[in-house]
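I've put the structures underneath this note.
Next come two complexes built around subunit A: one with subunit B, the other with subunit C.
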Partner chain A sequence: MKLIPLVLANLRRHRLRTLLTTLGVSLAMFLFASLRSVVTTLNAGTEIASASRMVVQNANAIVFTLPMSYRARLAAVPGVTEVSWANWFGGQYGDGRVFFGQFAVDPESYFTMYPEIQVPPDQLDAFKHERTAAIVGKGLMDLFGWHVGQNVTLRGTIFPGDWVFTIRGVYTPSNKALDDRSFLFQYAYLDERTEHRIEPGWYTLKLSDPALAPQVAHTVDDMFRNSSAATKTGTEKAFNQSFVTMWGNVQFLMNSIGMAVVFAILMVTGNAMMMTARERTGEVAVLKTIGFTDRTLFVLVMMEAGLVTFTGAFIGLMGAKALYSSSGFNGFGFLPGFDVTTATLAIGFGITLVLALASGLVPALRAYRLPIVQALRHVE
Partner chain B sequence: MKIPLVYNVRSIRQRPVSTAMTGLGIALVVAVFVAMLALANGFRAALVRSGSPDNVMVLRRGADSELSSGISRESARLIAADPRVAVDAQNRPLASPEVFVVINIPRAVGEGVNNVVARGVNEQAFPVRNIHITEGRTFRSGQSEIIIGEKIVPRFAHTALGDTLRFANRGWVVVGHFSAGGSALESEIWGENEQFMPVFRGEVFQSVIVRLKDRASFPEIKRTLEGDQRLTVQAQRESDFYRGQSTLLTNILTSLAIMITSIMAIGAIFGAVNTMYAAVSSRTSEIAVLLTLGFAPRSVMASFLVESAVIALLGGIAGGLLALPINGIVTSTTNWNSFSEVAFSFRVTPGLLLSGAIFAVVMGLVGGFFPAWRAARLQVVQALR
Partner chain C sequence: MSLVQVRDVHKNFQRDSQQVSVFEGLTLDFEERSFTALMGPSGSGKSTLLNLLAGLDRPSSGTVTVAGSEVSSMSPGKLAAWRARHIGFVFQSYNLLPVLTAFQNVELPLLLAPLSKKDRAERVKIALGVVGLEDRMDHYPRQLSGGQEQRTAIARAIVSDPTLILLDEPTGQLDKKSAQEVLGLLQRLNAEFKKTIVMVTHDAHAAERALQVLHLDKGELTA
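After this line comes the complex of A and B, so read on.
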């Protein structure tokens, strides 16, 4: 502890260098936290999936529909307590530049199936009683500046024409990682306005016990195996995961960039520490002469490296945490609930420790081993 | 008078480790820069190459992709009969009414399935789309046979010649592999449209692609088709259609690349500033001597700037070399417009390497500016004391 004033004095000598090195570490750690948070946020979307829900989709691909008649047969499967269904609408609003999900849902079963989609009871009631009503996520309402009671026109791409909806309710997700930019409306409206009969895009099942999931999947898929629309049944988690993997290997991309960032900053800090040590050769010799031990000098250099890197990392990691949680950044709607997790912070500080050791070790060893006589010979 | 470059080169040699570390820091920034843009480049190239300005893509009006489109047999016949459509040697129109669906097929490695485009075409699709069979043969009319784009052959199971791939409750024999000039079409499965139609979406095509006799006649055919009372379609140049599909993801990747590398670049510039200040202060007396000898402060400044730029350039070249091996590596993502997997190669182009090198030099110049400024303003008397 006695050494701290000495470490601080040393750092103050090249103020600019200390400042730049610290900020360099901050930037690197900020970037690291951001990159890792992309991955953790994408995965959080699958973590929040309820274990007691399953999704039944067409075995050919999600773009194919399933007959409405499956509803009753699914409800009869042992272990299934509730059945709901929905369809993807795929409309565009305004110039179509902002992408958001639009779902035709069954008003009775959908909101009991997903208790995390929270709607005030009076608004839900109004929604159920009006064919053209819509319930919109809070994030989407704010994004477009919509208000309850407003008419909104979507241009259908799959279901042609202009579709006018009246916003009757706003939902807020109970979990931040859930999308708050969806647009929900009545399945019956879609069905009635479309010339041919439409079919659900997928069914959601609620199970009495999550442990029944494999058995239910088996029963359902066997039941429809030889029908016109074979099914693929999986847990909600697997369903969400399939969308995450569609982006490609994001994890690998982010990790590789993160590695490059850490190595680049190692070069900057390591270089700064080495330059500092080289300039102080004479001084180290003097300190040794007046009785500082080799070990003390080693510790002195390591402390200096540690102080710079940890200060920098603290600013960078905490800065990222504060910035993202206060700005409500959500990756333009692609990354709802973007957050720097505690695990990310812990890993960040772990990397900082390695950074401190790696950048301080060479100069510290140099100070440790420095022979006094030889070093003093160079002092003018 | 200019200070000779040899002076800088010898100075750099005096402190090789420090120089190397600064250069390497810059190299890593440039490597990330090149690699990320190569990714964006590769994706865009795969999609842009899928479309030709000579072709017209006809979709149902209001549809933003083939997936959401639908065109009846009657409409397809009317479109193909337009006089501006090119004809082959047998005087048949070069028009391809296509069935477009997305199917789940199992991956080659690991478990799980992924979405792949299955496109039902007629024989005219081959000349219209510039498709070449690389292995095996094309499918025979009336048979449950398919051919597979060569990019996805290694990525999915049951795609080798002679294998049977199961989808739509039927087994399909793989009889060929095809290439399409590196385009996104190489990530598709092709079969006969009359075979795909009944098993997937019924009596409807998703799109009609026609080859124009003259590419300049596009505005006319667009006006005719879209104005025809019997049709509810929209016509687009095929090249514009695919470019439109690539913009969203390309923009995301490019802005991500720029954001990440600018933050990294600031860190690398800090490193360069440190190095150059150290260089200036350790060479104080040398600089004073140079100034005494009559070199103008401007020359001293230029000399240090050049030194910094050269270190950075070397770093930039190293970074480019570091990123070069990823050229050609195949990766994949999803084309959200068609909801299907697109496999594509990273593309490191000479232009990209050049911008990486320029980026490095800019980092060097910015990082070297203030240290060089200090060197130029050195007080000779004080420095020589």
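After this line comes the complex of A and C, so read on.
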């Protein structure tokens, strides 16, 4: 503790260098926290998937639909207790700059299938009884300043034309990792307004027992194997993950960039510490002459490296946590529940420890090994 | 018995491929409460002897004993602790840490001792009082004159009440007036505070202030 004022005084020696090094570490750790949080948020989106739900999609690709006739056959599969279906709408609101998901859903089955999408009973009832009604996530309502009863026009891209909806309800997800910026409307409205018959983009099945999932998948896919629209059935988690992998190997990419940033800042910090150590060769010799041991000087240099890196890391990591928490950032709707997790903070501080050791070790060893007499010749 | 005993000391240096011998069997004593000036031409071994007395360097053979402790055989860790307790060292170019105030510079040796902050502060104030710089304790080295810097360095050397004060050309960078002040201070430390002092100097006038003058030439005592 007695040495801390000496450490602080040394860091004040080149205030600008210390400030820039600290800010460099801050920025690196901020980026690390941000990039890793993209990965953890995407993974959280798959983790919230229910084990008792399965998704049936076209075996060729999600963009191809499945016949409505499958509904009854899916419901008859042993182990399946409920069937729901939905379709991607892909419309634009206003100038189209803000992206949000719009889904045509079956009003009777969808909300029992997804109890985590919570809607007040009276609003859900109103939704079910009005063909052009919509239920909108609270995040989207807040974003656009919409209110219940308001008419909203979406411009269709897959289904051309202007589509007017009346907001009849607002849903709030029970889990913050669930998107609260979706726009849900009646499947029947989509079906009615288009010239040809619309078919579901995918089906969702509820199972009586999650353990039946492999068996149900096998049964369903076998059932439609030789039909015009073969199916690919998987757990909801696998379905969600397939969207994540559509972005490419996000995890690898984010981690690679994060590590590259950390490595770059290691070089910068290490260089700054080396410069500092070289400049103070004479002073280290003087301190040794006074009676400071090699070990004490080693600790002094390591404390300096630690103080710079941990201060920088604290600013960067906690700054990221505070910024994202307070701003409600959600990656323009792609990353609902975006958050810097405790695990990310812990890993960040772990990396900081390695950074402090790596950047401080060489100059600390240099101070430790410095022969006094030779070093004094530099200053005398 | 003498406070400092140098016995049959040999000291060799390797310079490139050449072996350079500084001392070949040097033997001398420094009595307690003595004030010795070491003089001699460059390369005569004055600073090397000072380094050996301070335990900053080791003899190639022979022994250096200070206050009953054989310095030449101590481990580096023990030697550092011993130095902190027994040696006060003053350099020609002061070597104060520029980022610390005069108070903090003088306090440095005390950081190694088991003293409370209050005790350290008291001792630092006394040391700065002895050298006449009580009113400069919050000044940084850049805010002090050369003479004041050297007096601060002397305060740093005496603050832990060392057994032996070693000075390497303490007036080498000072003007005449400041040099006289520093030399007067050293005389006072010797006479009033009974400190044993060994001072390396090129300046005959400075050497006159010591109680005895030793001349070294090519590693040997000549007078």
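The rule we apply is simple: the second predicted complex is superposed on the first by the 379 of 380 C-alpha atoms of A that agree within 3 Å, B and C clash if a C-alpha of one lies under 4 Å from a C-alpha of the other, contacts with A are read in each partner's own complex, and residues count from 1 in each chain.
The rule we apply is simple: contacts are C-beta pairs under 8 Å (C-beta built on N, C-alpha and C of every residue); 3 or more make two chains touch, one makes a residue touch a chain.
Source: prediction; values computed, not measured.
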{"item": "Contacts of A:F292 with subunit B and subunit C, given as first, second, both or neither", "value": "second"}
{"item": "Partner chain(s) touched by A:P5 [first = subunit B, second = subunit C, both, neither]", "value": "second"}
{"item": "Which superposed partner A:A28 touches (first subunit B, second subunit C, both, neither)", "value": "first"}
{"item": "Which of subunit B and subunit C A:D221 touches, first, second, both or neither", "value": "neither"}
{"item": "Partner chain(s) touched by A:I372 [first = subunit B, second = subunit C, both, neither]", "value": "second"}
{"item": "When both partners are placed on the shared chain, which of subunit B and subunit C touches more of subunit A", "value": "B"}
{"item": "First (subunit B), second (subunit C), both or neither touched by A:E283", "value": "second"}
{"item": "Subunit C to subunit A touching residues, read off their complex", "value": "47, 51, 54, 56-57, 76-77, 80-85, 87, 89, 91-93, 95, 97-100, 104, 108-109, 111-112, 156, 168"}
{"item": "Footprint of subunit B on subunit A - complex, ascending", "value": "16-17, 20-21, 23-24, 27-28, 30-31, 35, 59-64, 90, 92, 96, 155-158, 160-161, 226, 230, 232, 242, 245-249, 253, 256-257, 260-261, 263-265, 267-268, 270-272, 274-275, 279"}
{"item": "Touching residues (chain side subunit B, partner subunit A) in the complex", "value": "17-18, 21-22, 24-25, 28-29, 31-32, 35-36, 39, 60-65, 67-68, 101-104, 112, 114-115, 167-169, 200, 232, 260, 263-264, 266-268, 270-271, 273-275, 277-278, 282, 331-334, 339, 341"}
{"item": "Contacting residues of subunit A [partner subunit C, same complex]", "value": "2-3, 5-6, 9-10, 12-13, 282-283, 286-296, 372-373, 376, 379-380"}
